[in-house]
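The first chain written gets the first letter, and so on, giving A, B, C and D; residue counts start at 1 in each chain.
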């Protein structure tokens, strides 16, 4: 049953991801992105990464995409107008690069051209669940990166607030100069 | 158990869609969303390898990538809002302040 | 067919389907009578009798209401984003139903649909998805009151989710698991302190470091379900009816359903985290009775609060969430962690 | 817990610093002073508790080491942040925290109207932290941290009124002169690391006898370098010039840092390293000679100064000289004893002077004082006690320590140094009573209700730049009646007065009691018996005491005669020996001499280097690189279209290239 579920989620994921790129309305794009993140969370569950799956929904769907929606609504964006020769050229190049990349990546995967490293003989202890196992590793071997991450978040938060608050007068002056 | 190649292929497709999105679209917000897609493709590969190697390190990496993504989105969206306030547009082909 | 019935996976799936069916059916009934209860209680609080015309004591009132809603006109405002306008009510109900699949209503595996080991995370994930229905409903209506209501509610829900998530951490520290039935398990037995047994159940709420999280969680629950005194999104005086101003008929009923289902879900979570879940005196089979008793008591409390307290001002609400609840819950996490660590090593 | 938590002693003032930094602006003056004094008071209590624990042990076990954490570890070498309490550091800790606490309380009154009240206590607490680290450290490196810390605080506090040019100059001077000494100290510590592989006192001292030849050149060099550090911090020849200028700081600072505690750090360091110094007799001779010379020279300068704080500053330099020559003749215990008594009476003198200055509305020129005895009775009485103490009249504190130093010098056969010390004692008695008479006796030489016009009054002063006013930000008027200071200032004065009288009794030794003095017994576990101390007979001791008392009494008599009864004598002497007076008044032109041989050449050399090397060579290279880069980047900028899409496309090409690479391999 698991492989079928995987295929189902994969199909949903690809379809929604394509819609993100193709749909002209940013709000719809964002909603499809939510859907694709959710199906990715499903795939994580199938890969026995329950904790990551849930965090995927909480962080991506619950926080990041809400932020995106807020910004889109705040900027009051409507359908994107995408016409003209320049955009057609760009679209052509983009799809070509994409096709090449997919081809190469497919070849690499098919040839086994990746070296995944040594496989550990003993699977990680799942006693107490995936979350506990991750916690054990996170708070021992990866404690320092974990703490650094908190500083990163703090900096990002301060940066975002400072940028959004801004100085209206200075902004206006700069805008007129150009 | 799902073969690791399946996940990798899916990851590759997802990544390519993200790349195409960045190259094709001109709305900064959609480009940003495409970048998130690429990050998620990388995450998927991490989780798949973690599963294959019986190791949790891959999942830890995903955890960190998510943190970075959250920070990136917060700052990136702030920049986009500021750019919009300045130039009244979110289309990246109308903004070239950094032209050399 | 017989072979299929022997298949273990199929059996599990079948059982799950049966449970889902039962829960869905019961939930819908419970919700409609919860609305009836609310109206009755509200009436008595305000020295009225409440609905009493349809059927004995007005008991058939919910059925009449549903009938009325079904036959009302489906109205879609001009300039609305139609697809999203239709999807939003569904999004409002969906997370509540999903969350219900992990709530242990009695000893597992009998009384829980699926006992996954990250149940609490699923609850948090779904409550974070709950924002979408309301935000999108408000935005797609193409109506400024609706938009303001939607934005208010999502800002409010995001703000209070933080304090809510943090206030569950002391519970997790105590139980050492994210599984909801595991959390309930850790609250079984009698309350022991320093080797002496007290005549108290071993519920979370009776441990001193979980008292503050309990109240924080309770307050955040009001905010998460958009109920008084945190019902800013539908502040009639300012916003007409908030995000569902433009909704009518069954779509409006779905929002309504979502709100009450969310209330049941969040009360169940409180029961699970702090009030000992299905634990109570008597045989294990009575578990579901105890669970329901606690749930209904909490629901009554929710209704009681709604008709007792006035609404907060918006800046007070945000200030309270960010400047009081969030620091308090962080402080409590630290205190509980230090205390538990000390006790474990003493 | 068995140990009395030594770390808490320096940690308390540090915590006060942190709290003051974080919340100081909300505390107000009351809160700030409570916080600062409370922290130091608690540190004092903690120190007492620790010392009591120490005293309860048997003499051989009186040593507590407490390692907080390992600071760093490089190969075999490691330095710990660890604290040592033994009888020697116990005395220092008690003096530092005790006197420091009193001075903190005093500062509440003295600084009450200063707008930078909070900053003052911030620095003061930071100083306490650094000083306690210095005395409690159990290795040279941590001591050096404290050493630099007190230097920094000294600089900050001298330049506390930084809007005044002379104050900032004095601060910079103190800092730079101290740097020279610190450099020597650091070199000495490196020397020890290189030879013994450790900075820990115990290990260094244990290793020293095996590694060094007693009297050999290596140990002599190392100790000389350490002593250079001591001369900087403790204001000895040739690095004493900063201390008199340091009087630009607020008076409590002068009392705490530049009299009672920080300047004695050099003495403490020498005593702490006595094992090394005792192995280098040549260094000890140098220490003794420099100490005696400083004692004598500073005393002569002190004879003619008119600024009340300056007289005290030169007196401090002179007294520090005594401590050093005590160390130089091998009487380390006597040196530390004098550190302690000096802390009491010199802190008291400075605080009393501060009280006078406060009462006189920031007048520091003694020629404009006089007759204050009746107006400021408590200040007068306490100052008198302190003056008697420093002059060396029994049974006051100063007598016991000074006499012990002189006796030890005599006993070890350093007759020249003994004579210098005796002469210094005579002058000390004279200039201190000159100060006392000019300030408190005679007729008032000021008008109580008139404005002072102080700027003009000091115009003729050769040191107008270092002029006498620390009146910044004080809003209370310059006129007004002269009256006694508030209780927060007089109470510390009174306590210190008691200590100035009785503080020396712990050192009453041989001729009076049977056996060694209490002080010597206490220090014995650290200092040992002193290898080459031969004891004088009781009659000889009494004769020496009589001599020094007689000398002091003669100095006092001269002062009263020349400044109270017949002022004409002072004038006559001044005119008779105008040349000598001029030399003394201008402090032997040492500052000018240093300016000519060091400051100016360095300045001019730097100017030349700047003109040639910086402007031509360095700038030329930089500009050349710039021009090249400009040319190259003009080409490269063609790739910078400014459109995100272009960049993304380039990245995508890069990714494709990477993929190709993977495909090929």
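We take it that a contact is a pair of C-beta atoms (placed from the backbone, for glycine too) under 8 Å apart; a residue touches a chain by one contact, two chains touch by 3 or more.
Fair warning: this is a prediction, and the values are worked out from it, not measured in the lab.
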- Among the other chains, which touch chain A and chain B together? D
- Item | Of A-C and B-D, pair with higher C-beta contact tally | A-C
- In whole angstrom, how far does the Cα centroid of chain B sit from the Cα centroid of chain C? 33
- Query: Taking each chain's centre as the mean of its CA atoms, how far is chain B from chain D in angstrom?
  - Reply: 62
- Distance in whole angstrom between the CA centres of chain C and chain D is 69
- Rounded Å distance between chain A and chain C, as computed from the means of their C-alpha atoms: 29
- Note on the structure: Flagged in chain D as touching 2+ other chains are 645, 649, 652, 655
- Item | Per-residue overlap in chain B, given as positions that touch at least 2 other chains | 19, 23, 26, 93, 97
- Query: Which chains touch, pair by pair?
  - Reply: A-B, A-C, A-D, B-D
- The answer for chain C against chain A in the complex is residues 9, 81, 83-84, 116-118, 121-122, 124-126, 128-129, 131-132, 135-136, 139, 147, 151, 154, 158, 161, 176-179
- Item | Residue numbers on chain D that touch chain A, as the complex places them | 645, 649, 652-653, 655-656, 659-660, 662-663, 665
- Item | Residues of chain D touching chain B in the complex | 636-645, 648-649, 652, 655
- Message: Looking at the complex, which residues from chain A come into contact with chain D?
- Response: 90, 93, 97, 100-101, 104-105, 107-108, 111, 113-114
- Which part of chain B faces chain D closely enough to touch in the complex? 19, 22-23, 26, 28, 31, 92-93, 95-100
